[in-house]
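Heads up, there are several structures right after this.
Two complexes are shown next, each including subunit A; its partner changes from subunit B in the first to subunit C in the second.
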Partner chain A sequence: MLLPLILPLSVLLLWQIATAREWLAPQILPSPLTVFWTFVDLVTSGDIVEGLAISLRRISVGFAIGAAFGLSLGIAMGRSAKLEQYVGPSLRAIAQVPSLGWLPFLMLIFGIGETLNYVIIAKACFVPITINTAAGIRNIPVHYVEVAHVLRLRRSAMLFRLILPGALPTIFSGIRLALGHAWIAMVVVEMLADTAGVGYMMTWGRTLFQIDIVIVGMVVIGAIGFLMDGGLRWIERRLRRWAPVHA
Partner chain B sequence: MIRSLLLSLLTLFGGAGIAAAAEPAPGAIHFGAVGSGYGQQVGTQLIAIAHIKGFIQAEVGDAVKLDFNYFTGTGPAINEAIANGQLDFAQYGSLPSIILRATGVGTKIIASGGGTNIYGVVRTGLPINSIKELKGHSVTIQKATILHWSLLETLKANGLTERDITILDLKTADQLAALASGSADAEFGTASVLPLRDQGLVKVIYTSQRDDPRATGPSAFFVTDAFAAKYPETTQHVVNGFIKAAQWVAQPENREEALQIWAKSGVSYASLKEEYANEQLHDRLDPRLDDFFRGQYADGIDFAKQQKLTRKDVDLSQWVDPSYEAKALATLGLQNYWPNRDVNGAVVSN
Partner chain C sequence: MRAEALLDTRSSLDIQAVSKSYRVDGKPREILRDIRFTVEPGELVSVIGASGCGKSTLLRLIIGLDTDYEGDILLDGRSIDGPTADRGIVFQEPRLFPWLSVEQNIALGLDSSGASPAEVKRIVTEHIEIVRLNGFARAYPHQLSGGMAQRAAIARALVSRPKILLLDEPLGALDSQTRAYMQDELLEIWRREKITIVMVTHDIEEAVYLSDKIVVMEPEPGRVCGIVSIDAPHPRRRGTSKFSALKDRVLSVLVRTQSAASAGLVRSHPAAQGGIARRYG
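What follows is the complex of A and B.
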C-alpha cells in the first residue's frame, strides 16, 4: 500500500534538502513550499482552473476523434488481412514521425487554433489505438474463431461476443498508451502554438523565469494523467468482469 | 613547474596592452546574445562586432579564451544561462533582463546595446493602414519581450489599449505560420519580418524608428555580479573593447563591413540595410547610459510591473553601473563622441 509512495516522497525529501542547502540557485530550483504557495495562488486566482478546463476539453475532443477513427480502422485491419497489407506499413511509418514533427506542417494548413490542437491530439491517439486494436484482434486464438464459425454466429454477435471481448486487454493497453500520447501532444502543442491551457501556462512561467509555475504545471499534469490512467484501468476491470481470474 | 612558469610568462607577454594585472586573469569569459538560428554563430548587435573584429580579445589578451554564444531561444534562454552561471556577460533586450533582475539574479548594466527597430506588419489584402485601424484585429507577438512593450506603447500613443486588440502570444517562427494561415492579422517584429514583406505576404504599416523612436526596442550589455566582483579589471577591459566596437561601428566607412558581419547571422543583408537606412549607426548604436537609455529602461520596468511580468520591484539606479563605461570613455578620449540625449531622444548637448 505504501510502496508506491516511497519514490515520490524520497524525491520530495531530496528536493527539500537541495533547496535548503542551495545546491541550485533558488531561481532555478524553488523550494517545495514556494511551489505549494504558487499552486494555491494559481488556484485562488482561477488561472489554473481555467487553463485546465481548456486543456481537458482539448484532450476529450481530440481523444474522442482519434479513438473513434483508431478503433474503426484497427477492427477493420484486424479482421481483414488484405487491408492490413495495404494500410499497415504506411501506418507504422506514420507512427515513427512524432506529433511534434507534424506541427510546423499542420500549423500552416489549419492555422493556430482549436482545430490544430484537436488534429494533433487525435493523431497522437489514433496510431497506438489502431495498431493495438488490430494486433489484439489478430491474436485471438484461432480455435475460438473456428468455434464461432461452427456456431454460425452472426457478424454482429461475432464482433461483440468474441472479437471485442477477446481483444479487450490489448485494445485497452492501446487506449492507455494513446491517452499518454494525447497528454504529451497537448502539452507540446500548447507550449509551442497556443495561448491558453496548462502547457501554455508552463511556457509562460519559463518566459517570466518563475520556475515554480512550471513545476506546478508538471505536478498537475502528472496528477491528472495518473488519475485518468487509473480511471481507464477501472473501466477495463469492469468490462472484463466476465473473464476468469487466470485469463 | 617549468610549464606553469612558461604559461604565466606567456600570459604576461600575450596581453601586451594590459598593465601589470593584480588580479589573476580568468581562463575563459563567456558571452551571450540573441542569435537568429540559421546562420553562423554570430548575432546582429554590437557584441557581434566586438567578437568578430576582436576588440575584446585585444583588450584582455590572447591567453584568455573568449566564448561567444548566440541563443536562438532569445531572452528566456539567456536568462536561464545567466542564472545557471554559464555566462559572464550578455547583451540582450530590456524586458527579459528586467524579468531576470526581478527574480534576484545579480547583474549590472554596464553599457547600452543600442536600439532595435520594431516593425508593425499587416497581412496583405486587409484594409489596415495605420495602428488605429488595428482595433478589433488579432496581433501576434512574443509576450514579455521588447516587442510586447513596443506594441502596447504604440497602441497607447494611438489612443488604444490592449483590450482593443487580440494578442496572440507566439514564437517568431510560429508567428509566420499564424500570418500565413490567417490566424493572425498583424505582427510586431524585428527586421526578421522584412523577408515576408518581400514575398508579398505582409505590408509594413509602422516602424518605430520612423514613427516613435521611444518605442524602439532597447537593449543593454550586462555583467554578472559574480564576475565583476571577482575580476573588476578584466570587466573594465571587456567594457573598453565593447566601447571600441561601438566607436568602430559609428564610423561611416565601416558601415558596409558591419552589415556584412551581421549578415553572417542569417538575417539577410537587404533586411539589415533597410533596418539602418537613412540613419547613422553612430546614433542608433550609442552605447552610453544616458537619460534616453534610462528613460526607456524605466518605462520597461513600469511596463513589466503593470503587466505582472515581475513579482518584485526593480530599482534602476541600483542596477545601472556607469563607472566602467565612464572610465572606458575617458581612457579612449571619447567623452564627447556621442551626444547626450534627453528622455525623448532629443540631443541636449554634445
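What follows is the complex of A and C.
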C-alpha cells in the first residue's frame, strides 16, 4: 500500500535537503514549499484551472476523433486480411515516426492554432489504437471464431459478443499507449506553438525565469497523465469483471 | 399429423468416399481415407476409434468448417456448403466465451433464430435445467468445472433445435454419475426432438448404450474398419449378457484392427470395407 510512495517521498526529501543547503541557487531550484505556494497562487488566480481546462478539452476532442477512426479501421483490418496487407505495413512504418516528428510538417499545412492541436493529438491516438485493435482481433483464438461461424452469429453479436470482448485487453493497451503519447505530444505542442494550455504555462514560467511555475506544470502534467492511465485501467477492470482474479 | 410433420424434419447424412489431407511442413498428410457410412433420418450413430484417427476432423467436415476434402457429404441428399442452422455441434472442448455468463453463452445458440428476448430467456432457462446447471446461469466459464462447461456447451448447441446434432466426445469430462444422467438425457432429447445424432466417443459402453449403429475407425490414415448395428430397444440395461455380447462385438472389431496394425500386417481391411460397401454402396 505505501510501497509506491517511498520513491516520490525520498525525492521530495532530497529536494528539500538540496534547497535547504543551497546546493543549487534558489532561482534554479526553488524549495518544495515555494513551489507549493506557487501552485496555490496559480489555482486561486485561475491560471492553472484555465490552462488545464483548455488542455483537457483538447485531449478529449483529439482522443475521441483519433479513437473513433482508429477503432473503426482497426476492426476492419482485424477482420480483413486483405485490408491488413494493404495498410498494415504503412501504418507500422508511420508508427515509428514520433508524433512530434510531424509537427513542422503539420504546422506548415494547418498553421498554428486549435486545428493543429487536434490533428496532432488525433494522429497520436489513431495509430496505436488502429494497430492494437487489429492485432487484438487477429489474436482471438480460432476456436471461438469457429463457434461464431457454426452458430452463424449476426454481425452485432459477432462484434459485441466475440470481437470486442476478445480483443479488449489488446485494445486497451493500445488506448493507454495512445493517451500517454497524445498527452505528451499535446504538452510539447503547447510549449512550442501555442498560447494556451498547461504546456504554454510552463513556457511562460520559463521566460519569466520562474522555475517554480515550470515545476508546478511538470507535476500537474505528470499527475493528470497518471490519473488518466489509472482511470483507463479502472475502466478496463470493470469491463473485464468476468476474468478470474489473479492474486 | 404431428408425427408425420416431425418425421419430415429428420435429416439423413451420407458420407461418400470422403478423404482429407492436411499439409504439414509443405507435404500432404493423409488424415481420412475413403470414409463411407450413412446415417438414416433420426438415427443415433457413434463413431469410435483411437485418439488421432480423425474423428474430430470428420465432424469438422460435416459441420462445414472445412470444405477442403475429397468425396461427398450429403445432408438430405444435398451437398453441404458451410454451417447452417439445422446442424449443431458440440466440440471436444467446451469453447464457451470466457467473457459471457453461462446464460449468455447458451443464448448465442439462438442469436440467428430471430427469437424475441423473452423467448430466448425462456428457452435458455429451460435448457439450463435440462443440463442441470440450475443456479449457474450467471456464472462465468472459469467458475465451472470441465464437465459443467461441457454441459453448457451442449445446451448452447441444443437451443436452436438442430435437425442433426454432432457431438465430439461430449461426455468425456464428466464424472460417471453425471455421465450416466447425461446419457439418458441425451436419449430423451433424441427421442423427443426426433433429431439425428452423430456422436464421437472413445467409450465402447457409452456407444453400445446409446447408438443404433457404431462406426469403428482405425488410425493412420483414419479409415472405417467396421460398422456394428445395435438392434436392442431402449432403455438398454448395462449389466445384461446381451449388452456384454454387444460390447464384445465392438471390441473385437477394434482389437482386430489394433493387433493387425501393431503387427504391421495389413493397412486396410478389405473384408470390413467390402461389408460396408455391400450395405451402403
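In the analysis below, the second predicted complex is superposed on the first by the 242 of 247 C-alpha atoms of A that agree within 3 Å, B and C clash if a C-alpha of one lies under 4 Å from a C-alpha of the other, contacts with A are read in each partner's own complex, and residues count from 1 in each chain.
The rule is short, and it goes like this: contacts are C-beta pairs under 8 Å (C-beta built on N, C-alpha and C of every residue); 3 or more make two chains touch, one makes a residue touch a chain.
Quantities reported herein were computed from a predicted structural model and do not represent experimental measurements.
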Partner chain in contact with A:M107 - subunit B first, subunit C second, else both or neither: first
Which of subunit B and subunit C A:Q85 touches, first, second, both or neither: neither
Which superposed partner A:L192 touches (first subunit B, second subunit C, both, neither): first
First, second, both or neither for A:N139, with subunit B first and subunit C second: neither
Subunit B versus subunit C as contact partner of A:A157, first or second or both or neither: second
Contacts of A:T44 with subunit B and subunit C, given as first, second, both or neither: neither
Which of subunit B and subunit C A:Q210 touches, first, second, both or neither: first
Common interface residues of subunit A - those touching subunit B in one complex and subunit C in the other: none
Contact footprint of subunit A on subunit C as seen in their complex: 63, 65, 82-85, 88-89, 91, 93, 95, 97-101, 104, 108-109, 111-112, 140, 142, 156, 160
Sites on subunit A touched by subunit C in the complex: 143-144, 146-147, 149-154, 157, 161-162, 165-166, 168, 240, 242-244
Contacting residues of subunit A [partner subunit B, same complex]: 25-28, 104, 107-113, 192-193, 195, 200, 204, 206-210
For the subunit B and subunit A complex, residues of the former touching the latter: 75-76, 79-80, 83-84, 99-100, 103-105, 143-144, 167-171, 173-174, 177-178, 180-184, 309-311
